[in-house]
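Shared chain: subunit A. Partners: subunit B in the first complex, subunit C in the second.
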Partner chain A sequence: MMHFKFITVIARQEWASIFRSKIPLALFSVLLVVSLLATFTGWQYVSKFNHQQRAAHQQVHDQWMSQPNRHPHRVAHYGYLVFREKSALSFFDFGLDSYVGNSVFLEAHRQNTVNMSEAGFSNGMLRFGELSMAMVLQLLVPLFIIFIGFQTVASLKQNGVLKILLCQRASYLDILIGKTAGLTAVGWTLFLPLLLLSLITGNLLTGQVAAETLLRIVMLTILYALYFLIIVILVVAVSAVSKSSKNALMSLVLIWMLFFIVIPKSAQTLGSSLHQAPDKIAFEQTIEQDVSKQGDSHNPDDPYFANLKANTLKKYGVDSISKLPVNYGALVMQEGENISSDIFNRHFDHLISIYRSQNAVCSILAFADPYLAIRNISMNLSGTDFESFTAFQKQTEKYRFEKTKKLNEIHLTQIKYQNDNQQKVSAKNWQQQPDFAFQPLPVAENLSAGSFSLAALVLWVLAGFGVLAYVSSKREYQL
Partner chain B sequence: MKINHKVLLLEIKNFLLGKTVLTGVVSLLVFGFYSFYHGKQLIGRQQQTMASVPGVQKQHLQQILAHGTGKMVGTTAYYPFFYTTNPASPWAKFSIGQRDVNPFTLKVKMLAIEGQLYDSELTNPLTLLVGNLDASFVFIFLFPLLIIAFTYNVVSEEQENGVWKIVQATSNGIGAAIAGKLMVRLAVILVTTLLVFTAAVVALQLPASLPTLKLLIVVVLYVMFWFTVSVLIIALGKSSSFNATALVCIWIFLAILFPGVANIAINNSIPVPEAAETAIRQREGYHAKWDEPKKPTMEKFYAVYPQYRTYPIPEDSYSPGWYYAMQFSGDLESANSSEKLFEKVMQRQTLSERIASFNPVIAAQQSLNKVANTDLTSHIRYLQSVKAHHRQIREYFYPFIFVDTPTESIDWAGYPAYQPKQYVNEPVFAGMIAILVWVVGSLLFSLIFFKRNFIKIIDTQNA
Partner chain C sequence: MLKAIDLTKRYGGHTALNNLNLHVRQGEIFALLGQNGAGKTTTINLFLGFIEPTEGSASINGISVAENSQKIKEYLAYIPETVMLYPNLTGLENLEYFSLLAGFSYSKNELGKFLTTAGLQTQAFDQRLAGYSKGMRQKVGIAIAVAKRAKVLLLDEPTSGLDPKASNEFSQIIKTLAANGTAILMATHDIFRAKQVASRIGIMKEGNLQSVIDAASISANELESLYLKTV
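And then the complex of A and B:
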């Protein structure tokens, strides 16, 4: 049975002893400066970046609206440029933002890649890791907890205090829980208000905080709280099984290296060699092959398009293309667009599913490495994860298809088949088309993308207390 | 300084038989072998893809030709893609650098080039974010940890368990005792370095030439740097826990925090808004021409290619010569921002090299990428070779476009072959010197600290 009074005493004592010493405060001030710097520069960079993207978007939109009367197919090739903006919480957790493209050119017939990523213009400094508040909280705060907590139980063994404590009514579990509570209180008090405050301030400075963003902030705070708790349990457990403080420190630093450097890197490279994704040339080749299998609009004898022609003539009851009330060229073009877009989407979804299985290795390993769990869920909630970028790609492709389809409709009905390319239509036709606006993934979807990470975090907490109970039951760890 | 051979032998035995050495060396070797596998696989796949390019190109041109039969070259020339590749240097497997981020094949049409240069490769962004576990990662990130594990308790361990007093009493020179202990560790570290490096040379089939030697020199200097930093911390004469904490903090600062801050500094001081601007300008520059009189467009084209002035361009109807002149002027109008973009990217490179002289970790990584030709500069060279090829292609087809020529009567594969960029043996002296300065500096300071913290005490005791 547990003695709550005793636990509280131990926790209070732990709290007091940490704040009595100068080193924790010195380390904390370093972390404070680093995280404030990270938040500020991150926020500044994101708002500057979004400002730039918005200006570019405005320019492209103005150019689109001020086009003179043109042939609709010219407009389809003139196309549209979409600029990706960073999410409201991306200044907190950069996630994949620097490694994904920032602009995409949308035109008829072609699905272009999203280009101009920041990593593409970086000389490799980026590859050491980016300094963001999330990075401080995920990587450095655990190290801070290790440094302030490694001797927490081990030193009691070394100086014999543990035996005295155990002679009183307290059980070993009480002591371990008390230590955990004390350390967790320190971690939460030092970092959670900082996290909450920077996230809210950062969003207030950009405008008002949307209710959904607030929900994300609250969830992030809770999840980071859980993460710190897991680290504290780990530190207390290792400290409890170690013979001396020094051994505890060594083991903990080793675990840190393993969790933060070795496992994440090995996991991802393993994932990508287990599930090989096609590269661009192979990807495009298979699409091209599938498209020409289905129907080749360039080939006059192609059975698919011959069939289309026969059906169209029959539908309108005429015997030649030139007598059709609609522009047959536009009809063929839209049919080609339907085919290629359909095939592209199928292959793209397959590609994404390969990437997902590559990333799944990391998600599953979150059960072995809590850092992977918090890294993934933090990206999910900040809207800088794989799924958010995939949503951007899919939405731009959908927009491209719709836009081209509408232009083909104008072509179909307003341009005559004879002397097709000599004609123009009023610019009004495309001025009414809706502009592209990215619809970020709703929280629910972010959470479902991060369900493994969430489960891993909860399991880690439960398992952590289980381990504490186990450690406390073993006599060898009390000596 | 005389080193007692018996003591030295004992120290060698003690150290080598300890758990740390075996675990450390074995785990490094395991990671080393995994990194060789990873580097070989990643670059191997790239090479494989590039090897498929000639076949793809041939088939593609045949298709275009089949579709184009009966039409004029001016119409057909719109369709073909011309492939280019950026072959990996033999050292890229050792240090993958930016090769996974940047595209290693690009295909270009005869249309305006600027919109085609920045197409990205299809990659999983999470894989890019996590980065590669290549041989350079093992040396740059993992070796320092091995060195820290070997050295953090050199003297403090003995002090902590009371053996040091005996050493002080029995040894004829405390300096020699410490030096002996350090030499044993340095020897093991250097042997491990050479072992892993030789394994890399064999596994990755690195040629026995100057660049390989350069890699070796950088790696050895870098390992020496971490050894001397560890010695410096030991020289402070603090506890094992302090040493370990301090060294891990230094490692985190140099390998994570410092580059993170430097990256922000570089991005802020040299932003590249030209990336978006180039795309917008090129598109507008070309498309606006459709609605403008043809003469000014043609004049811009003739300024560069006066030989085509003699061919008539009708003012009131479409002609292929005019079409390609429009595409060309799209490039002319974005040339300014495109040049600026390249310029800024080079400025970023220069700035980061300057920053690297304050941080041996960055200096070493940059030097390795440079030798491997896997850095941003190398990619820019590739882009320039693509631009040159694009020009060759245009100039090959222009005559057939301006003089109406049937598609089937020209050789579509007869254009000048693409010239891949050559391996550039870039000097990495600056990087080496930067690391060396740090090695010498920390050695000097450790000597001073040793004198103050260890030797002096002995003197007073002996006095």
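And then the complex of A and C:
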């Protein structure tokens, strides 16, 4: 049975005892400096990156617009570089941004990919090398909680105070919940304002705080609050089952290593060995082979294109391509584009499904490791996750296909087959084409992508309270 | 007030307490004498509900400890050999905290009175416990029991390590508590102190209560002889 009155008293005492000591404040000061540094460097990097990218985009766009009147197929091969600006919260959680590209060169006939390396797609522990605010909150705050909380129950056991406490009217469950509440209050008071400050300031500095970004900030704050609660429960539970403070500290440091190094690294390895993905060269070779199998538009004897020719002649009721009312060359090119785009999309979807399966291993292991859960959902909400990157890749291919199709249509209708190479069309034709603008995934889709991690966090909280109830019911953990 | 009927505790093949039958009445101080491992602390822990009996029962005010481990907390207080409490809190703050957890909210004046009753000097009230002597901490422990209005007091080697003056003060205080109706069960090695404060004295050996003596009927020397013969 729980007594709210006693829980409040214990929580207040826990809070007061932590702030009586100078060590927690010293530790917090270090984390504060690291957090501010991480926020500032993250924001600085992202702003500089976005600024450079905007300048590059403007340059590419200007070059595109300043093309003279020319043949549309030359325009198609002139190409266009598209960019993805980093998300509004990417300064907070770099996620996969450091490992995936943010620009693609779009041209006719070729589906150029953004960085497709395995390291680029998977949620590896390579992230240890960088310093982001999310990393501080995910990896270092748990260490802080361990250091301020490892002896919270174990020391009371060691010096006999627990027995006196248990002789008052508060139950052992009251004591454990009270300790949890006190430590959680400390964690929340110190780090949630810092998290909010970092997120809001970072956004204000970029001059744009969209309503959806605010929603993401609120959700991130709630989820990090849950994460800290989970770590506190874990610390209190381990402290309660340990015979001494030293044992509690050793166990917690081991758990930290397990949760923050061993399981994430193993999840990565397990995922990639269970679901092997082709490398970039193999991926592109397979697409080329499939395209060749389907039909080679440059080979006059190719059966697929011979068939296309026959059908076109029949459709227009003529016996020669020179008599067609449209440019047959453009028709062939568009058909080749349809084929290659279709094959690319198929292979790309398959590749994505492999990487999704790899990442699913991480998502499932989030039920065994709360760090994986918060890491995944934090990336999702920061728009730096795998799905955000995939969305960019898909949007660029769609844009490339539509752009090429439009140029092929110009070629088809405005360029005569008989004098194909010598003709030009007005630059207005491509100047009127819409520019590429990456549409980030809406928050609902990000949340949906992180649903496993979300469920894992909630389950961890519930299971954590279950463990505290179990520990409190066992007499052997009271002595 | 405190009753043990055939109370037995075994750990595997080892019997820590064997068929203890004991009744400590209101206002009585019962001292359990015995060497280390005689079963004194096991008896205290069984009355506190920290361990479950293998056989028999322990009850406080007619309530079974094993069946109502939470309910019996209303009646009892416990003072261990070394009262550590919270070293960063003052005596007054420690008392306030433990009283709140016992369900009592007292004013600073009232808390001060409890500490005075327990024999703590006024100037020590606002000092951190880290600077207290062992005797002073024991007094805070007594104040916690008094503030809780405990009807039963369980003491485990309470005078161990105290200087004679502090030990004597402690004895006087618990005698006062008993005179006010508190039933006290005290485990101790200190034959002289047991003779000084207890109404009855039980001598334990290897988990068995070997004999129970009326303290008034025996001199300290006789008690010592009997104790040495028994253990």
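The definition used in the following text is that the second predicted complex is superposed on the first by the 465 of 479 C-alpha atoms of A that agree within 3 Å, B and C clash if a C-alpha of one lies under 4 Å from a C-alpha of the other, contacts with A are read in each partner's own complex, and residues count from 1 in each chain.
Methods note: a contact is a pair of C-beta atoms (placed from the backbone, for glycine too) under 8 Å apart; a residue touches a chain by one contact, two chains touch by 3 or more.
In this text, all values refer to a predicted model and were calculated from it rather than measured experimentally.
Undergrad: In the superposed arrangement, does A:F344 touch subunit B (first), subunit C (second), both or neither?
TA: Once the two structures are laid over each other on A, A:F344 reaches no partner at all.
Undergrad: State whether A:Y45 touches subunit B only (first), subunit C only (second), both chains, or neither.
TA: In the superposition, A:Y45 touches subunit B alone.
Undergrad: Touching A:E130, do we find subunit B (first), subunit C (second), both, or neither?
TA: Only subunit B; A:E130 stays clear of subunit C.
Undergrad: Return first, second, both or neither, reflecting whether A:S21 touches subunit B, subunit C, both chains, or no partner chain.
TA: second
Undergrad: Look at A:I281 in the shared chain and tell me whether it touches subunit B only, subunit C only, both, or neither; answer first, second, both or neither.
TA: After superposing on A, A:I281 lies in contact with subunit B but is clear of subunit C.
Undergrad: Using the touch definition from the top, say if A:R70 reaches subunit B (first), subunit C (second), both or neither.
TA: first
Undergrad: Specify the partner with more touching residues on subunit A, choosing between subunit B and subunit C.
TA: Result: the larger residue contact count on subunit A belongs to B.
Undergrad: Tell me which partner A:F6 touches in the superposition: subunit B (first), subunit C (second), both or neither.
TA: After superposing on A, A:F6 lies in contact with subunit C but is clear of subunit B.
Undergrad: Counting only touches as set out at the top, which of subunit B and subunit C does A:A170 meet: first, second, both, neither?
TA: In the superposed model, A:A170 contacts subunit C only, not subunit B.
Undergrad: What residues of subunit A sit close enough to touch subunit B in their complex?
TA: 34, 37-38, 41, 44-45, 48, 52-53, 56, 59-60, 63, 68, 70, 74, 77-79, 81, 83, 95-96, 98-103, 105, 112-131, 135, 139-140, 143, 147, 245-246, 249-250, 253, 257, 261-262, 264-269, 271-273, 276-283, 285, 298-299, 351, 355, 358-359, 362, 386, 389, 421
Undergrad: Per the contact definition, I'd like the list of subunit A residues that touch subunit C in the complex.
TA: 1, 5-6, 9-10, 13, 17, 20-21, 159-161, 163-171, 475, 478-479
Undergrad: Please give the residue numbers of subunit C that touch subunit A in the complex, ascending.
TA: The contact residues of subunit C facing subunit A are 45, 48-52, 70, 73-74, 76-86, 88-89, 97-98, 100-103, 141, 144, 148.
Undergrad: Would you pull the subunit B residues touching subunit A in the complex into a rising list?
TA: These residues of subunit B touch subunit A: 31, 34, 38, 41, 45-46, 49, 52-53, 56, 67, 83, 97-98, 101-103, 105, 115, 118-133, 137, 141-142, 145, 160, 239-241, 244-245, 248, 252, 255-257, 259-264, 266-268, 271-273, 275-277, 279-280, 283-284, 287, 290-291, 318, 345, 348-349, 352, 355, 361-362, 365-366, 369, 375-377.
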